[in-house]
Amino acid sequence: MLAIESLAVARGGVAILEGVSFALSAGQALVLRGPNGCGKTTLLRTIAGLQPPLAGRIVAPGDVIAYGAHADGLKATLSVVENLHFWAAVYGQPARVATALAEMNLAALAHRAAMSLSAGQKRRLGLARLLVTGRPVWVLDEPTISLDAASVELFANALRAHLGTGGAALIATHIDIGLVATATLDLTAHKARAPQDGGAAGGFDEAFA
Amino acid sequence: MLAIESLAVARGGVAILEGVSFALSAGQALVLRGPNGCGKTTLLRTIAGLQPPLAGRIVAPGDVIAYGAHADGLKATLSVVENLHFWAAVYGQPARVATALAEMNLAALAHRAAMSLSAGQKRRLGLARLLVTGRPVWVLDEPTISLDAASVELFANALRAHLGTGGAALIATHIDIGLVATATLDLTAHKARAPQDGGAAGGFDEAFA
Amino acid sequence: MIALLARDLRLAVRAGGGFGLSLAFFLIVTVLVPFGVGPEGGTLARIAPGILWVGALLACLLSLDRIYALDFEDGSLDLLATAPIPMEAVVSVKALAHWLTTGLPLVLAAPVFGVLLHLPGPAFVWLVLSLGVGTPALSVLGAFGAALTVGLKRGGLLLSLLVLPLYMPTLIFGAELIARGASGGATTTPLLMLAGITAATVALVPFAAAAAIRVNLR
Amino acid sequence: MIALLARDLRLAVRAGGGFGLSLAFFLIVTVLVPFGVGPEGGTLARIAPGILWVGALLACLLSLDRIYALDFEDGSLDLLATAPIPMEAVVSVKALAHWLTTGLPLVLAAPVFGVLLHLPGPAFVWLVLSLGVGTPALSVLGAFGAALTVGLKRGGLLLSLLVLPLYMPTLIFGAELIARGASGGATTTPLLMLAGITAATVALVPFAAAAAIRVNLR
Amino acid sequence: MSIWEYANPKKFMQTSAWALPWVTGLAAITLVAGLVWGFFFTPEAANFGTTVKIIYIHVPSAMMAINIWVMMLVTSLIWLIRRHHVSALAAKAAAPVGLVMTLIALFTGAIWGQPMWGTWWEWDPRLTSFLILGLFYLGYIALWQAIDNPDTAADLTGVLCLVGSVFALLSRYAVNFWNQGLHQGASLSVDKQENVSDVYWYPLLLCITGFILLFIMLVLTRTRTEVRLRRLKALEARERLA
Amino acid sequence: MIPELGKYAVSVMSAYGVTLVLLVGIVAQSLWRAARVRRALDAQEQRTGARNG
């Protein structure tokens, strides 16, 4: 469903990862690991199509990726259902709102303004947003931040169900998510090298002499 | 250093915790636990003096508390040292900047603008801010979010050193911090009851004929 | 797209009214000017068309940076960029929402403000016409300027600086239209120009704005 | 407190210049008005003092919502509230920083803009004097309004609505001072009133603003 | 028994429930009587012609517009100092009524100005300061609506009312200084009536009373609504938390 | 029945008209909102059984 071929990504004009390759097929989940600042967020943004890759290819059919970033894209003054309804409408999936609310245990909070939620409740809403997209490939950046143990369990269940129905997921995280089976990719090995060590040359690596 | 006596706290005009009591003396750390939305953030804000308690007392000498919230109070356009220098100047502790940088492994990033840091690097900077306050009582809301294992270890070391020099810490978290010895307080038991069940009455609890 | 429009309008109403507030600001500008300039009716009547247009323009300007800023900060813009709606549509819808909450109320309320500035009687029709035809261009151009500055902290003043020169032609023809209408002059040329500017802007600028946003999100 | 001032000034310069931009905005308003109003020198000269004051006031207004908004969003304001600086001092310093980056440049550059509007010769001294004495009050009152709306999304227009009526006395006395100065009238009363308003505002309003911020952080 | 007991929501609800029908009835009677008397049974004035009939709405509404702001100032102070919720809610309830009164004064004044001064609007100090007052009302109402937490809103609007009052006074003085206008001086005063003969004075007095009673009725009704709304919000929040 | 208002008829009538519209408006809005909130509160009290909470 998603194949990455020797991808290199850059931030602030500097290459940070290179030679990243993997493939995800239906029912698979891949966990990205690596120390802080190794480039997980940058890689996910590139795969989601928000920034162009420096080199390599991203092979995926159109309209399969649902990106879940750090920021949840919630409107503070709208209620929980209003927020979900909006995203469901954008993705043309209005019927999914009710199940998403139930799955993320938000039914009791449905009519609260998003700004009056606690950190973990907001995060749950962010995950519910993912469910209403109806997209098969989830690309998630640290999805379980701020969640208590019960909510992490909810998320793991949702993820399991998603994989079970032929979905796939790519998850960057530092914390263990209690999941049956996931592959892990450690990005430390893919740290971009300087051009003189064989890394990709940027636009201004020519010697001016 | 800090004593809480049957504190009740409210958010949005509704009591959420009541009867919270504990005392922290030098060298002690207390971890607050409880599911999402149980009121940890609200309790910490009240103790930090940002909102008035509904009932009960907070006994602490003036100017001992350093509050570390979710948001780190970093200026995106200032560099890492500039950010730290500012807070050091506010707390009158300009000499601490260098050690804080070293302790949080930020020396290599010192002259980067805060906006170009990754999530975990930002968090480290937020923790370094805490070190430059020179305040003895740390009140921290989920301090290890987004940190990788090595950085969590850095934080644990800093915390251990802080406790060793007579400091104290109050920490709300869902994740285990590898610490030698901390007491734990579960807030689930302190959930505020409705007035008819013996909870505190608010301003509009009278029934109107 | 309708969902986006509905959401933006709802947000504008929810957040203490993008609706009433730009009106109030317009009112305040038209009230301020006589204070600065002095109360004589003659002077006021002469400068009224210009002041009304400048007031509308500033009311518009003040609300521009909110077109995307909030969506950028809370991550919605990233998510919209990955959603199955073309960015051009997002921009157009947001410009439309801005016009509905800012331009339209101004058009409807302008005659009242005209009274405050002693605008001569025959000019009122032209005032409404000129604002009605001209303000959509302000919203679309504003959406373009906002797209250029999205993601910049303190983009507000920079935004004004970028957008104001773009507003100049609209302002000149708009004010001229009212002034000629008031004095019974030939109104065809300014009216045509104004309509032309608006039509061309609405048709073409969203593409530029969408490109700018995509670059800014990178 | 000096650290806070230094930081705010540095941020203003770093973020693409609160400095130059309010000037540029002022310039644009003074340029727009002749376009809207028409170029006759007589009319322009008569309305010049008022327009200059209104322009200064709007330039000031546009930058107001940034006094605390950024600090609120990134959590600095919470942290400052728990820091060993009284909130009154924070407010005063922030108002001062706002004046230094907005009011002061306007005062210094105003004579140039006066030329654009055909301001009569003797009025220039009074223009600088009146802006110099009056603009600090604008910054402090703005800091108060911004304190009331801190934490509100889309507070910008609401802020203008709250603050502009408060600016009215300053505007009236300020413009009147220039007008009288230009025509050789008695300038003592407006000057005294202007100075009095500024002094009282600077002395008292920070307390109200600090109270408002504390309430808003609750 | 202290007056502060009425600041207790329950006590307030009981008392106002008892008083409301009486106030409503009295308001209706005086207002209708005053307006009918003024509109149908008063002669033309030499200088104003029949437009003098406008005075029966113009003057009471203008007076109420000012007095309502003063009332809001007092209740805001009570809230800020003694923290009685009902007091803050009364200020919130009064503001829209004040705005409507300001609008009535402005509209009737404008309509009156057209035949008398030959213009709908003149930058006369009286009129101008009313415009500014209207702006203060607008800002005050907008601030109430923009803030979610009711206690926060009460505090902030209270502070705004305080600062705003000072600046409203200051504006009045500034405006006077800026332009001496066309408007009537205050020729009405309760003890001495030089310019107004009894024919106009008595129905006017009746109308003023009617407007005051109408205001009391509206404020009681609206404050009761606000009190109920607070209780409703509290119950809902508690239900959600349970 | 309507008194002779002469050349000022339009002014006087429109002044009274505007006033009545505004007054009736604010009264109606107050009463309508009062009724609505009262109903909502009654329903809520019924639901929570918080009659004497």
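Some points to look at:
The letters A, B, C, D, E and F name the chains in turn, as written, and every chain counts its residues from 1.
The definition used in the following text is that a residue touches a chain if its C-beta (ideal position, glycine included) is under 8 Å from a C-beta of that chain, and two chains touch if they have at least 3 such contacts.
Keep in mind that this is a model prediction, so the values were computed, not measured.
For the pair subunit C and subunit D, the fraction of shared interface numbers is greater than half, so the two copies use mostly the same residues to meet. The chain with its Cα centroid farthest from the Cα centroid of subunit B is F. When every chain is reduced to the mean of its CA atoms, the largest separation from subunit D belongs to A. The centroid of the Cα atoms in subunit B and the matching centroid in subunit F are 51 Å apart.
Chain centres here are Cα means. That of subunit A falls 45 Å from that of subunit D.
Separating the centre of subunit D from that of subunit F, both taken as means of CA atoms, is a distance of 41 Å. Annotation for subunit B: residues 12, 70, 76-77, 194, 205, 207 touch two or more other chains.
The set of subunit F residues touching two or more other chains comprises 45, 50, 53. Shown for subunit E are the residues that touch two or more other chains, namely 132, 135, 138-139, 142, 146, 148-149, 178, 228, 231, 238.
Considering their complex, residues 45, 48-52, 63, 65-67, 69-78, 82, 85-87, 89-92, 129, 133 of subunit A touch subunit C. The touching residues of subunit E, when paired with subunit F in their complex, are 35, 39-40, 44, 49-51, 53-54, 57-58, 61, 96-97, 100, 103-104, 107-108, 111-112, 114-115, 214, 218, 221-222, 224-225, 228-229, 231-232, 235-236, 238-239.
Against subunit E, in their complex, subunit C makes its touches with residues 15-17, 20-21, 24, 27-28, 31, 34-35, 38-39, 41, 115-116, 118. For subunit F in complex with subunit E, the residues that touch the partner chain are 3-9, 11-12, 14-16, 18-19, 22-23, 25-27, 29-31, 33-34, 37-38, 40-41, 44-45, 47-48, 50, 53.
On subunit A, the positions that touch subunit B within their shared complex are 11-12, 34-37, 39, 41, 70, 116-121, 123-124, 142, 145-151, 174-175.
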